[in-house]
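The letters A, B, C and D name the chains in turn, as written, and every chain counts its residues from 1.
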Amino acid sequence: MLGLEKRDTLLLIVVACLVTFAPILLNPFPADSSMAQFNAGYPDLMQRFVIFGIFAIGFNILFGLTGYLSFGHAAFLGVGSYSAVWMMKLLTMNVIPAIALSVIVAGLFSVLIGYVSLRRSGIYFSILTLAFAQMSFNLAYSVLTPITNGETGLQITLNDPRILDGAGAPSYPNLFGAQMNEATTLFFGGWSFTFSVGYYLCAVIMLISFYLAIRIFRSPFGMMLRAVKSNQQRMNYTGLNTKPYTLAAFVISGMYAGLAGGLLASMDPLAGAERMQWTASGEVVLMTILGGAGTLIGPVLGAGFIKYFENIFSKINKATLEGWFAFMPDGIEEFFVAIIYPFVGKGWHLTLGLLFMMVVIFLPGGLVEGGQRIGKMFRRRDRKSSDAELSAAQQRQVPPAE
Amino acid sequence: MGILEVKNVGKRFGGLQALSNVNLTVEENSVHAIIGPNGAGKSTLLNCLVGKLIPDTGSVMFDGQSVLGRKPYEINQMGISRVFQTPEIFADLTVMENMLIPCFAKRDGSFRMHALESMMNEKDIVGKAEHMLEEMKLIDKRAMHAAAMSRGDKRRLEIAMCLAQDPRLLLLDEPTAGMARADTNNTIDLLKQIKEERNITIAIIEHDMHVVFSLAERITVLAQGTPLVEDTPDKIKGHPKVKEAYLGETQAA
Amino acid sequence: MDAILLQLLNGLDKGSAYALIALGLTLIFGTLGVVNFAHGAIFMIGSFCAVTLSKIFALSHKAAEPSGKDFLGNPKYDDVLYITEWFGEDIGNWMIDWSVPLAILFAIPIMLLIGYIMERGLIKHFYKRPHADQILVTFGLAIVLQEVIKYFYGANPIPTASPEALRGSFDFGVLIGFEPNAIIYPVWRLVYFAFSALIIGAVFAFLQFTTFGMVVRAGMADRETVGLLGINIDKRFTIMFGIAAAVAGLAGVMYAPINSPNYHMGMDFLVLSFVVVVVGGMGSLPGAVLAGFLLGIVESFASMNEIKAIIPGIDQIIIYVVAIVILLTRPRGLMGRKGVMEE
Amino acid sequence: MSIFNPTRRGLIQTGVVAGAGLALPTYLRADAHSGFTNAPTGDTVTLGFNVPQTGPYADEGADELRAFQLAVEHLNGEGDGGMLQTFSSKALEGNGIMGKKVQYVSGDTQTKSDAARASAKSMIEKDGAIMISGGSSSGVAVAVQGLCQEAGVIFMAGLTHSNDTTGKDKKANGFRHFFNAYMSAAALAPVLKQLYGEDRAAYHLTADYTWGWTQQESIQAATEALGWSTVNDVRTPLAATDFSSYIAPVLNSGADVLILNHYGGNMVNSLTNAVQFGLRDKQVNGKNFEIVVPLYSELMARGAGENITGIVGSQNWDWKLENEKGARYAGTNAFVQSFGEKYGFPPSQAAQTCYAQTLLYADAVARGGSFNPCAVGEALAGFEFDGLGNGPTLYRADDHQCFKDVVVVRGKENPENEYDLVEIVEVTPAEQVTYPTDHPMFAGGDLGECNPGA
């Protein structure tokens, strides 16, 4: 189906189902229960899941396939965001031109940076990309303020020209009139599920991106990229020019980043300079490795994992904890609160750091490998399932050629 | 006129004259061996032929065209394939994928943006790759990771990858180095078979005299960066200069 | 002229800090082939060794009699320092005053131990793993280390003073014939510069003149061969990791009076130290030191008003501009070795 | 919950539900339409406190959160009531807000506008927060204020000092109790004249982002009006940790005052560096060299240690205000008392502004009789009050900025403890720091209409 092999089609269908029903799946706890803190099914976070999923999928096309570790991909995300907001300021609040422009601008920007940076490999390449991104960030924060609005970030205002929009046009990013912040909430007993326009737009775009990524992974081009990672010398002596292959991968992943940036700005019309900081670039690296570099679904899982901690764990405060353990006797309650408190709220970084270490120590293939191990326990030695994901995870452990 | 013409090639590394005044002609459809003791400049010469090094002086012509200043991939696309001393294959890819890549390179040239094409639509390429694997008796290992193969299989795979491009000149850099005798003999048989079945020129750099004398039609002896003699195997065997250069190494071989 | 000399001096001083951090990072890169994102955190812990020692010296108990009222109107009891009780006023106060230099003695065993535990407990298992995994695990470790420090010391910077005698500034210009106040420089920064030079010299001497150092250098060049000679290179590498941690830690201790330590100072230095190491060239110790000084000086000059007037904002990006130019003109940085982390 | 736009709801509902292949059973119902976002339905109301919990301002964020918790307690009638006892408006009865018990959620801004907005959005979308407060930087405040305007909830700014927050970026749904850069400059100017004379040459180091620029612009204008000259204004990178290369040339520039337009970590480091260079021991133009830090942060000042001795700056509030300057600042002691009892140390100005903002919000709801943001806005606009520690204060209707006295402080010579680092030099009365609505430093913005959301 769709030019995919059976197992890839299956993966795509599973992902499509998960994404479609995410508003329900991510809200497993009744809204009034004390566990509702762990619900992630509200529009903003779901949008972030899929948008950063797109970012990580794109990054994985570069890093997972070619092995080139870019430490400056956030620059493309930031550039995409700025382009989108400018489009919404100048032309129209419709998100289509904004997103299109963000992809194009990020693509052009990545051609420029990629062309220069790809003259080096290994860590020299990483540092070149890092240097370009940090330059972009520092300039966006200070001297480029007329374009970027510096520290505050670029916002839309009431008196922007918006020459294509008529008088009655919506003042919020919209898709032909359907505003991104529109939502409807369904109540089902104690549960509540919020379906938002913005999320479903992101979801559709994410599924398209994911589908394209599968096509790229399985295409001859994708194979060439993996060959670049494996042995550049052999590539050269097989008559293949590695430079355009790596540059193409770089630009594709840059465009994915731009798309993610454009979507971020469409969901919430603000483009902040921090989006380009090295920590943001590092975050997508972590997402990809955490989920499983070189696998199809891994980066999406990694993105979800990190965003979940950032948004859910940081909001647990002492009062919430006391609420959970209120059923216990006083002394024990205080004991549990004292034990857990350093790991949540302002300590969410600590939990994240510990989990990074645990995952990389115990699951060398990332979260995907964890999923496979669980899957294996249920499947009972189903050797034939030569899962593409598994093989990708294993590939990473093959020691380099002699 | 030969398919490969090397004229007056010289190469210096700092204070070391690695090659000087190298003249060499490889005739079309011959097997030409280049031998010489360690440090004679064999590998340097080979690197000059494939574009890894650029000689300081002289010219290298392949089929009437200069290869100097061209990148390795361009030289490969002209029709020169190289087999390395230690097999250079795509260790992280499967055997089949290893085979597919040169098939694509032959058809599509040095770069093609086939990012959204499906492998399922590439019946011709897949067929060709399968055919090559069958020929090399590697077809039952097609799904294996290349890194997991034995050294002998890796060598066969590398040769198969080079042949898949239908090169006009196959350069072999000590193809049996570090092999057991049995594997060496297998490789000799394989190369003989290739020679018989294909319309191909082979240039081989070798240390092992057994291999050289089993295969070569002409032999160039290199010593201290310059050709000593060039002749048929029979003449070379008894040549005093060669004996001198090798100081008894021939006996050991 | 004096402005240029002043910035040159400042650049050397800044550069000495960069060089010292980059040196430790390169020791780990070069010897162990590990990308250590926790190196900045080690530097930060060094600074907190100084903080901790001054906190230890400041341990006190409450006086028996109240001396007044506190802000809520409750009786207030003065703090009595243990250290002055034990050692007497003079020695006690001297120790408090000199707590940062004393912290060097305190930090060396701690940093060696931390380095040893890190290597044996964690890094050791990652030698054969892809660099990506090394980045993830050391980054995780860096976060954990800094959060632990934050838990105990808070997020605010903690002032840590240099000894009274080494405070204030020194008029350099007068010595070489300038007007008074033309080239003044803080005394402690000069001390820092001398200290860095000493440590850098000691590391080089150690690698150059001891058998241990020679084996390690040989191991950096060709690990397998040295292993084949029957030398237990792993054990030496563990010690090298400890030394690298100690170098970073000492850099941190002495840095504490320059800028008040805070828990995320390591992250601030991390990116910069990677840039320095890579510009110097992977696996090259002299390269790291050279690049540290070079970037320090370039950064100082870029912050001069005259230059900022020509190119606004140049001081924000100069480090990266220089890094890009150097990496594009010299493929392996200033003095990098071939094949080190090029895949 | 979060229905921002009622007009299209029917369409979306059918679309989504049909798309998901679900029939709509009768017991499923859409949210009742209430007229504004997150209208509290039960017997509780949720406020969102969005403060930095990670990054350099985490301690300041922690202090803000403490104040919020205290305010919630007092609103719900727990504890000693704090400033509720002294507050001039008596609409609050200690039974929550309009009888609804106050609950709160907290989040981490990370001092990044993106993260702050994400956190605020989750409070609005997930937790049903009806008001967002907190923050410790102007970038964050402006970004979150914009979000609250769009979403239709009230934003009660925390610590934000840039002119833009109630200047060019002002919003109808946003309110600022904290003072701003213009007010700092206006309050400092007379004190500087008195302390250092009229003939001074100032050298500015300015953090290179919007807050730094507005601070620099304000203080330069104010000091030049005194007769001071400005020697130079040097922009320093935000990420800078070592300011030595910027400070080294100062002594030779002919300037005799250094003005550090830095905040937080930047301020600690630049001040520490300046003192290291011995600037304070020098004489230039026959005068003692002086350093001025226009905006003091007591929490960060701790990081600079004894380097702040004798350095002049301004604050929104100080916990010693009522003791030293009398009953005009009533409320201060009540707040310090209850904060100190609960946490063991005196509150910072960030804590005070957050506490006051929470009370002001609750009071406005009670007086306006509705949680509707437009009703709240109306109740707050032009509201004159007293007893919240700053003396008589006006919430100006034109730009939603509070006008009140500004405290000028100086680093203490011999601080008794780490919470008592500054002494109050002067309190500049509100009239002197008040500016017309159309002042050029605040031009370009538009409050717009209040947005009640759905």
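Note that a contact is a pair of C-beta atoms (placed from the backbone, for glycine too) under 8 Å apart; a residue touches a chain by one contact, two chains touch by 3 or more.
As the structure is a computational prediction, the values presented were derived from the model and not from experiment.
Participant: Name the two chains that are joined by the greatest number of C-beta pairs in contact.
Facilitator: Summing C-beta contacts for every pairing gives the maximum at A-D.
Participant: Going by C-alpha centres, which chain is most central here?
Facilitator: That would be chain A.
Participant: Using only Cα atoms to place each chain's centre, name the chain farthest from subunit D.
Facilitator: That would be chain B.
Participant: Just how far, in Å, is the C-alpha centre of subunit C from the one of subunit A?
Facilitator: Computed from C-alpha means, the inter-chain centre distance equals 34 Å.
Participant: Between subunit A and subunit D, what's the gap in Å when you average each chain's C-alpha atoms?
Facilitator: Taking the mean C-alpha position of each chain, the two centres sit 33 Å apart.
Participant: Provide the C-alpha centroid distance between subunit A and subunit B, rounded to the nearest whole angstrom.
Facilitator: Chain centroid spacing, subunit A to subunit B, equals 46 Å.
Participant: Specify, in ascending order, the residues of subunit A that touch 2 or more different other chains.
Facilitator: 138, 142-143, 349, 399-400
Participant: Give me the residue numbers in subunit B that touch at least two other chains, ranges are fine.
Facilitator: none
Participant: Send over the residues of subunit C in touch with two or more other chains.
Facilitator: 312-313, 316, in rising order.
Participant: How do the chains pair up in terms of touching? List each pair.
Facilitator: All chain pairs meeting the touch criterion are A-B, A-C, A-D, C-D.
Participant: Once bound in the complex, which stretches of subunit C touch subunit D?
Facilitator: My answer: residues 2-3, 6-7, 10-11, 13-14, 17, 71-72, 150, 154-161, 167-169, 181-182, 184-186, 188-189, 258-260, 262, 264-265, 268-269, 299-300, 303-305, 308, 312-313, 315-316.
Participant: Which residues of subunit C touch subunit A in the complex?
Facilitator: Against subunit A, subunit C makes touches at 35, 122, 125, 128-133, 135-137, 139-144, 146-148, 151, 267, 271, 274-275, 278-279, 282, 312-313, 316-317, 319-321, 323-324, 327-328, 331-333, 336, 341-343.
Participant: Could you list, by residue number, the parts of subunit A that touch subunit D in their complex?
Facilitator: Where subunit A meets subunit D, its residues are 20-21, 39, 42-45, 48, 138, 141-143, 145, 149-153, 155, 157-159, 172, 177-179, 181-189, 192, 194-195, 197, 200, 268, 270, 272, 274-275, 310-311, 314-315, 317, 319, 345-346, 348-349.
Participant: Can you check the complex and tell me which residues of subunit A touch subunit C?
Facilitator: 63, 67, 69, 116, 119-124, 126-128, 130-132, 134-135, 138-139, 142-143, 278-279, 282, 285-286, 289-290, 293, 342, 347, 349-350, 352-357, 359-361, 364, 396, 399-400
Participant: Would you mind writing out the residues of subunit D in touch with subunit C in their complex?
Facilitator: 55-59, 62, 208, 232, 234-237, 239, 241-242, 244-246, 248-249, 251-252, 265, 268-269, 272-273, 276-278, 281-282, 299-300, 302-307, 319-320, 336-337, 340-341, 346, 419-420
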